[in-house]
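Listed after this line are the structures, all set down as structure tokens.
Both complexes shown next keep chain A, but they swap its partner, so chain B is in the first and chain C is in the second.
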Partner chain A sequence: MVNELLKEFHEIAASPKAQMDRYLAEGRKVVLTAPVYTPEELIHSMGFVPFGAWGADTELKRAKEYCPAFLCSIVQSILELGMTDVYKGASAIVIPSLCDTLKTLGENWKYAVKDIPFIPMTYPQNRKPEFGMNFTIAGYERVKADLEKLGGTFSNEALAHSNEIYNRHNKAMRDLDEVLARHPEVGAAARSDVFKSAWFMDKAEHTELVEKLIDALKNQEAGEAKLPVLVSGILTDAPGLNEILDDLGMHIVADDVAAQSRQYRTDVPAGDDALKALAQKFSGMDNCSVLYNQEKPRIKWIADTAKARGAKGVIVVMTKFCDPEEFDYPLIKKACDAADIPVAIVEVDRQMEHYEQVRTNLETFRDILMM
Partner chain B sequence: MYTLGIDIGSTTSKCVILKDGEYVYAKGLAVGGLGTQGPEIALNTIWNESGLTKSDIARTIVTGYGRNRFEGGDGEVSELTCHALGGRFVFEDLRTVIDIGGQDAKVITLSESGKMSNFVMNDKCAAGTGRFLDVMAGILCVDINDFEKYAEKSKSPASISSTCTVFAESEVISQLANGVEMPDLIAGICDSVATRVASLARRAGVRETVCMSGGVARNGAVRKAMEKELGVRIEFDPLAQYFGAIGAALYAHRQLTR
Partner chain C sequence: MAEEVKKAPRPVDPNSAKYKLGKIAGDAYANAIEAKKAGKPVAWVSSNFPVEIPETLGLYTVYPENQAAGIAARGAGERMCNVAEADGYSNDICAYARISLAYAKLKECPEQDVAMPDVLLCCNNICNCMIKWYENLSQELGIPMIMLDIPFNPDYEPSRAIIDYVGAQFWDAVHKLEALFGIKWDDEKFKAVTEASCRSSRAWLEATAQAKYTPSPFNGFDLLNHMAVMVTARGKEEAGEAMETLLKEYKENHENGTSTFRAEEKYRVMFEGIACWPYLRATSRGLKDRGINMVTTIYADAFGFDYSSFDEMIAAYCSVPNAINLEKSRDKRIKLCKDNNVEGLLVHTNRSCKLWSGFMPEMSRQIGEACDIPVASFDGDQADPRNFSEAQYDTRVQGLMEIMESNKEA
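This part shows the complex of A and B:
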């Protein structure tokens, strides 16, 4: 049962285009959601299918017309897919303003991809005070107005319902993360598939599938113990990377990955005003390189979680040219050193074809952890 | 008991046979690394030198970038692990290994007991590697083995970018056009490698005893520039280029005896 479900997750994760075409064939409108945090609940409540747009492992050709080489390749590959019609059929793309490169993506998108409208989601740096919350709500209002132009309709009740659907999905993903920490037989590649597939599915459908997997895993005896590690980074879906983690017998017992668990840590609180409640969720979010907090609680979170989950080491998967992640790395290293948790850093980008340097790095790290 | 270590790098292949994990019984080196006849030539050298055959070898461990493609070994181990083991085999108080190979640079730190504790690898860039020196030697039409001799005569090392091999290449050509003397130019090139790798070393944490390994370790001018840059003595042993292979042979021995 577990393997059958994992196969299903793999097929979805590996074929986003087929998923999108399926929704379009059903007559549903798809709205692309760029990294890192877009208000999917709002988009969902207005009758659209939010569809993750984190780019793809591909050679960048057309995007270079707009981007210098030293720009995050995730963002560049989103533009590349837009310019090469891979996202054709989508009604719009919502791009949040959470890092400098994402800001340039929105501006470039307007000129480079004419047939998919760009909807900006402008977030405040200071999201916790009331003025910050009001700023977030104003950002939502802009997204709402643009979606209404595309035929979407807003109601407080519908958003409250979507908030509930997303909260249930969040819980399922958190539960899954805990269960997978006890099942080393589910490798890094399979784990990645489960998380990645969430971006390409209606969340109610994904929740159902994840809950089935959790039940199946609970009824399955845990496999032989492997080397427990915590993985941190923006994106860790590259097959080349996950193959190495699996080859080296590493078991991801927790993740601090923006495209994975960081998405599911915070729920929308209860409240009569569903839009305000959604802003409260954003205000309550933390422990992420793109969410400003001068206290940097993320650093302690990583060291504490690694300890709590029994990780022998932390692997930082650094997306090349990602400034927010690079700023946090020295602090992560220092905190983990103080907690006696070895740290490895490997650099990846969307254009990588050869992972030999990553393999050497992680193989050495495994030796450090095991010798 | 004989164990064999094979280190297949990007530009050279090295083999070492250890006897009882205690001393180097034979060694072989061939130009040509991954994807060439280099490993085979190095192995033939070692069989000829030692008089041993494959059947005399209790275990073979392969390391280096070509380790996963080589058939005939009993296992593969990362070259960082092997350089740490090999370095410690030669220098018993070793705490830091600076390995500059043909295509990359790595710094490995060891605990007091000799356990590998940290490492840093360079990003995907030829600056600060053996490749950088090869390119420069080619531009200057100077044998790389003569770099030390030239650099010793330098009075005022030229300033060469440590950021990029391509930029450095055009800088060197400009310096030549401006009439900068060869010794100053070569000293500047060696300083450039040292600056680049020293920043890597500082990131890993430099503790004495420090040694250099890999092919570039043989270049005295780079060693001296590195000593100046880091402010520590850099140990050198003629076996420096074989540290990876020694470590692999030692790893094989330990697998059999533990």
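This part shows the complex of A and C:
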């Protein structure tokens, strides 16, 4: 049962285009959601299928007409897919401006991909005080108005319902993360598939499938112990990377990955005003390189979680040219050193074809951890 | 062997704008160092943080971007970057940030020492990189950080929502600083500071606009030096006076047919991006030797903080170059090109600045078309000397010049 479900997740994760075409064929409208956080609940409540747009492992050709080489390849490959019609059929793309490169993506998108409208989502960094919450709501109002132009309709009831669907999905993903920490037999590639598929599915459908997987795992005896590690980064879905983690017998017992668990840590609180409640969710979010916090609690979170989950080491998967993550790394290293947790850093990007350097680095890291 | 005899620098007239502006910039560093010794609070401040706040509250200020530019111009950029990189900072990170984080560790750099801070005043209207840089300074130095968030505006004009959000943060920052240092906001002083800031801005805008004359009464590289005062001291009375002196000199240059561009002005270009501080001389010479005067840059517009109400002040801070969308950024540059009879656009693709460079290819295409001028770009960096090639720069400038030449002939 577990293997069958994992196969299903893999098929979805490996063929987002087929997923998107399926929704379009069903007559549903798809709205692309760019990294790192978009108000998916709002988009969903207005009758659209939010569909993750984190680019793809692909050679950059057309994007170079717009982007200097030193922009991160996630953003460049999103533009590449837009320019080469891979996202054709989508009603719009929502791009939040949480990092400098994402700001430029929206501006370039307007001229590079004219048939898919750009909807900006502007978040406050001072998101906790009331004035910040009001600005978050203003950002949602802007998205809402743009989606209305595309035929979407808003109601408080529909948003409250979508908030519930997303909260249930969040819980399922958090539960899954805990269960997977006790099941080393589910490798890094399979784990990545489960998280990645969430971006390409209606969340109610994905929740159902994840809950089935959790039940199946609970009824399955845990496999032989492997080397427990915590993985941190923006995106870790590259097959070349996950193959190495699996070859080296590493077991991801927790992740601090933006495209994975960071999405599911915070729920929408209860409240009569569903839009305000959604803004409260954003104000409650933290522990992320693109969300300002003077105390940088993410650093401690990584060291504490590694300890709590029994990770023997932390692997930082650095997306080349990602400023926010690059600034956090020296502090992560320092905090883990102080907590006696070894750290390895490997650099990846979406254009990588050869992972030998990553393999050598992680082989050495494994040997250190096994000593 | 006899030692090389250096020529003594020509004395600078104490009544000149150059002297006055240099003194203001130098005094700002020295005053902060003295204040620190006397136990007074010092703030490290982002370049486009509302200067009205520290100035009204009487805080002594240091501008790390300005410091990093000075360090880079004096040849120590790579040495300082290496210190940060040895601590794990990627060499992909903004070189100003690397230099500043290295300084926070070493607490000395003979090329430009500054007073160490008691508080950090961060504003991200220039980039979000600033947030990460200041978060790390806050952690490494164990001092508070005040974050004034001015998000990138995807629309042409600032919305009511953004004005309200930034306005609320302005007063929140004031109250936090009052509580931190036991100081008091004074409305009268605020009024005086805003008047001084507007006076400096008006004079700066008018002085830079003198490039409308052909030949221009100044070399645009002057602006790169003089803007230090606009960054660090525009809220001071003496800054307004010095800027007015600058304006007067430029007007006199025009009337007398003279210029600080010490060559025949054959071509006029707009320079786009932050200066290549480690190669200021090489980049300047590459233009001057060909008779190309850089007559304008977006800096001419960037410090136009002229306003008549609180909301207008907030709107001005929401409208600085890196906080506005492509269309508004483009239109500001088109205006500068047209107002100043620009014949070519030279773009610095700055390895340190993803935001500034990230939509530059599309924007510069649009500017080139709208103004019917050629565009050339070169790779460089604002402070890390490893990311610039003089040969590439020379080739690109030569290419630009040849197109401008053939345009003249046509």
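Convention: the second predicted complex is superposed on the first by the 371 of 371 C-alpha atoms of A that agree within 3 Å, B and C clash if a C-alpha of one lies under 4 Å from a C-alpha of the other, contacts with A are read in each partner's own complex, and residues count from 1 in each chain.
We adopt the following convention: a residue touches a chain if its C-beta (ideal position, glycine included) is under 8 Å from a C-beta of that chain, and two chains touch if they have at least 3 such contacts.
Bear in mind the structure is a predicted one, so any value in this text is a computation, not a measurement.
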Dominant contact partner of chain A by residue count, chain C or chain B: C
Which superposed partner A:Gln357 touches (first chain B, second chain C, both, neither): first
Which of chain B and chain C A:Met371 touches, first, second, both or neither: first
Partner chain(s) touched by A:Phe135 [first = chain B, second = chain C, both, neither]: second
First, second, both or neither for A:Tyr111, with chain B first and chain C second: second
Which of chain B and chain C A:Thr58 touches, first, second, both or neither: neither
Partner chain in contact with A:Asn156 - chain B first, chain C second, else both or neither: neither
Overlap of chain C and chain B interfaces on chain A (superposed complexes): none
In the complex, chain B residues that touch chain A: 65, 68, 77-81, 104, 115-119, 121, 123-124
Residues of chain A that touch chain C when the two form their complex: 65-68, 70-71, 97-101, 103-108, 110-112, 120, 122-126, 129, 131-132, 134-135, 138, 289-290, 292-296, 318, 320-321, 323-324, 326-331, 333
Interface residues, chain A side, partner chain B - complex: 342, 347, 356-357, 359-361, 363-364, 367-368, 371
Partner chain A, residues of chain C touching it in the complex: 87-90, 92-94, 97, 124, 127-129, 131-133, 135-136, 138-139, 144-145, 147, 149, 151-155, 159, 161-162, 164-165, 168-169, 172, 325-326, 349, 351, 354-355, 357-362
